[in-house]
Amino acid sequence: MAELTHFDGAGHAHMVDVSDKAATARLAVASGCVRMTAETLAVIAEGRADKGDVLGVARLAGIMGAKRTADLIPLCHPLPVTKVAVDLVPDPDLPGVRITATVKTAGQTGVEMEALTAVSTAALTLYDMVKAIEKTMVIGEIRLELKEGGKSGRFEAPGSEA
Amino acid sequence: MAELTHFDGAGHAHMVDVSDKAATARLAVASGCVRMTAETLAVIAEGRADKGDVLGVARLAGIMGAKRTADLIPLCHPLPVTKVAVDLVPDPDLPGVRITATVKTAGQTGVEMEALTAVSTAALTLYDMVKAIEKTMVIGEIRLELKEGGKSGRFEAPGSEA
Amino acid sequence: MAELTHFDGAGHAHMVDVSDKAATARLAVASGCVRMTAETLAVIAEGRADKGDVLGVARLAGIMGAKRTADLIPLCHPLPVTKVAVDLVPDPDLPGVRITATVKTAGQTGVEMEALTAVSTAALTLYDMVKAIEKTMVIGEIRLELKEGGKSGRFEAPGSEA
Amino acid sequence: MAELTHFDGAGHAHMVDVSDKAATARLAVASGCVRMTAETLAVIAEGRADKGDVLGVARLAGIMGAKRTADLIPLCHPLPVTKVAVDLVPDPDLPGVRITATVKTAGQTGVEMEALTAVSTAALTLYDMVKAIEKTMVIGEIRLELKEGGKSGRFEAPGSEA
Amino acid sequence: MAELTHFDGAGHAHMVDVSDKAATARLAVASGCVRMTAETLAVIAEGRADKGDVLGVARLAGIMGAKRTADLIPLCHPLPVTKVAVDLVPDPDLPGVRITATVKTAGQTGVEMEALTAVSTAALTLYDMVKAIEKTMVIGEIRLELKEGGKSGRFEAPGSEA
Amino acid sequence: MAELTHFDGAGHAHMVDVSDKAATARLAVASGCVRMTAETLAVIAEGRADKGDVLGVARLAGIMGAKRTADLIPLCHPLPVTKVAVDLVPDPDLPGVRITATVKTAGQTGVEMEALTAVSTAALTLYDMVKAIEKTMVIGEIRLELKEGGKSGRFEAPGSEA
């Protein structure tokens, strides 16, 4: 059966030794969404124009969240990210907001967790700003879309358009 | 149309003034899940016994994440939480792991964001530990189940068993 | 000669004992500015419309900075702030941007440092975003405008309009 | 008109991609001051001898502040700094204290923000320790003096002696 | 057999619910030491006069460390401390430096961990500054000396003079 | 007499310039222990099986503590660690728990402080979880066992088995 690399032979958690891995260019793209009522989505869309930029605040929180990844995820290696972009797009079909984060670094491990943490933090921030008008919003479908660089090579989620 | 309280009349983001709100007992329960293949779930379940406590590490990360909420969410008030519990339960029907977080405080604002951040951080940590064997896991259905205390009163999500 | 309360009788730094001070409503207002060329100010003003909300990003950084005050200032007491607002207003007469921060809490010490840290962090963030087009910007005139609450009573800076 | 590099074509904030920039030796020097009455400056100067090292505490806070730059400034890249020095010199002509910070790294972006954050944090810390005897102190003239390394080359502020 | 309160009935770690405990005045005193050669101690003692205040830097780090306790200790409740003092005294009999930390708060849990973390951080900082001349220093005897406040009442370590 | 490198010629603390040092593979091993009664040790040992994994929680806190080293130790350089492992072994002969931390990086300075901080944080966390049943535990014998890499070469503590 497959092994969990974050535990040693005795089952003890550890931060995996990546000392001998090459520092290569790394890219990860993650996505997710926040589902809400059409009415709530309309408030966000309208607000953006002149009553408050919900998506702009969530975007910034997502970028900052990517930088806190190693603080939050116990066994995650600290990495100096070289690019973080977070997109939030209203989608009336959900209805809700779709979130995508792209992170790059040149390092010995990948930046999947940084991208996922960026999406997650942006989603939580959006929830925080809008919860006064709707508490039934749901954060979901947070997944890795794309990963490049490193020994394990390219990963692209089935059906991903990233 | 409903107002976004995190923005002032000019549409500028601010941390809402709660100075005049009473400090009352507050409770929030949030939930979410991480979906994966049955094979991956089996590794987690087996690992727990003697090869590494994935759920225990994720639980601890969730508890610590709750304490970092005001650092991560830009407009969130800092609050000294008085209780944090995070449960992670394997569910073969997903298949995957269901996560529930319960947070309490005595304060001027609620602890919904702390509970949601605990669930989110636990889910990200679980993903991190298991991603070497499955990258297609999906974090989802993160929602507020229950909220008590404060002027707005009790909220219970439709269909919630919390 | 006046005493420096942050040092004990032996000249050793300590965090002053405020255990016996009453928890009262506290307010502080601080201000500052970033001076730049008229051309740079025009880019910020134009950018706000559709090319990037420099003032919005700086505002958010200022709010978050207020929450990090006790982490940054060694002898500062941690305080759960109950309101933070940061205003940034372009002023062609400087030319530059004027920054004002208002912070509230109910606590045993004042929030002067939180307000000053908010102004300072907003100014640094503005500098960061605009430095590619002008490196000669100057951050200045950071001062306390107003302080209310606590035993020492109300302080208003000479000439302040806060 | 000049472009703000911290925003993409749609005006959305992002952390600029520096993945393809060379990691070169970087140096930045920033300066600033805290103005106060001659009486206050005398207390600081006297205190240093045996009643409390205000300048020593502010110096240390400045050094630590440099390490927190990427946490505070939303779009700033994290960088492992290789040198931080902060000087605080009483200047009776201000009257007040002049602050200079020097930061080095070998990286893909410059350390201007680290140097400016060091100066700013030292100034705030000095204010905190002395505010009990003078609340009218003013933090000012925070500017970049010198920048070396990277594609944009050497920058020296007009009139700088750094 | 005695129970570990930080685990629930199923053996899962949680942050204990202190919501119903009264907020009372709390005090804790902890101590520890760093042992070194007499030669190293002499460098620290001499350095203090004019070559660098090792004890002053360690003292400040200890105070700041107390404020980071809930960030470092997973199940520790966040608490707004109201006083932190750290003393470092050279003791030729060790030879080495004795460290004592005193922490106060008004809260629902005690501040033992804050006092112990202050001592520990001060000791680590001292080690860091002196390790270039002696790597064989030993940090030891970190213990709780005194605890007051709360339902469990006063605790004084056997033989403590605190 | 030996010099304290963390202070400049004027006795001012600074972060040492390591810009010109080569980035080489670095390793450090540190150790320490928590002494307690045999009864307390039995609770920890028993608890591990089914009532709560004290050692697992302390191990994780130690790993996370290593990543916070540069935040806690004022003059410590930030370093992206590439491996952290923390072992905690019950030792009936103390009686108590022996802690060992191993840290690696490829960098311009060593990771002694990261290893010592990991041991120290694990010890504090263990104390926190067990203090309800014994407050007289003592954290001690925290020392550097082994250091490899860098210009100063290999260091092995006298009598170390690391």
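As written, the chain order gives the labels A, B, C, D, E and F, with residue 1 at the start of each chain.
Note that contacts are C-beta pairs under 8 Å (C-beta built on N, C-alpha and C of every residue); 3 or more make two chains touch, one makes a residue touch a chain.
As the structure is a prediction and not an experimental result, all values here were calculated from the model.
Visitor: Through how few touching steps can subunit A be joined to subunit E?
Guide: Between subunit A and subunit E, the shortest chain-hopping route counts 2.
Visitor: Across the interfaces B-F and A-D, which one involves more C-beta pairs in contact?
Guide: More contacting C-beta pairs are found at A-D.
Visitor: Could you work out which pair in B-E, A-C or E-F copies the interface of D-F, where over half of the contact pairs coincide by residue number?
Guide: Having compared contact pairs by residue number, the answer is B-E.
Visitor: Subunit A to subunit F: how many Å between their CA centres?
Guide: A distance of 32 Å separates the two centres.
Visitor: What whole-Å value do you get for the distance between subunit C and subunit D if each is reduced to the mean of its CA atoms?
Guide: Centre separation, subunit C to subunit D: 16 Å.
Visitor: Counting only residues that touch at least two other chains, what does the list for subunit E look like?
Guide: Counting only residues that touch two or more other chains, subunit E contributes 12-13, 53, 56-57, 60, 64, 68, 71, 74-75, 80.
Visitor: Chain pairs that touch, all of them, please.
Guide: A-B, A-C, A-D, A-F, B-C, B-E, B-F, C-D, C-E, D-E, D-F, E-F
Visitor: In the complex formed with subunit F, which residues of subunit E make contact?
Guide: 1-7, 11-13, 32, 39-40, 42-44, 46-47, 50-54, 57, 60-61, 64-65, 68, 71-76, 112-113, 116-117, 120-121, 123-125, 127-133, 135-144, 147, 155, 157-158
Visitor: If you look only at subunit E, which of its residues touch subunit C in the complex?
Guide: My answer: residues 25, 56, 59-60, 63-64, 66-68, 80-87, 104-106.
Visitor: For the complex, which residues does subunit C have touching subunit A?
Guide: Subunit C residues touching subunit A: 53, 56-57, 60, 64.
Visitor: Considering the complex alone, what residue numbers of subunit B touch subunit C?
Guide: Touching subunit C from subunit B are residues 8, 12-19, 70-71, 74-75, 77-80, 107-108.
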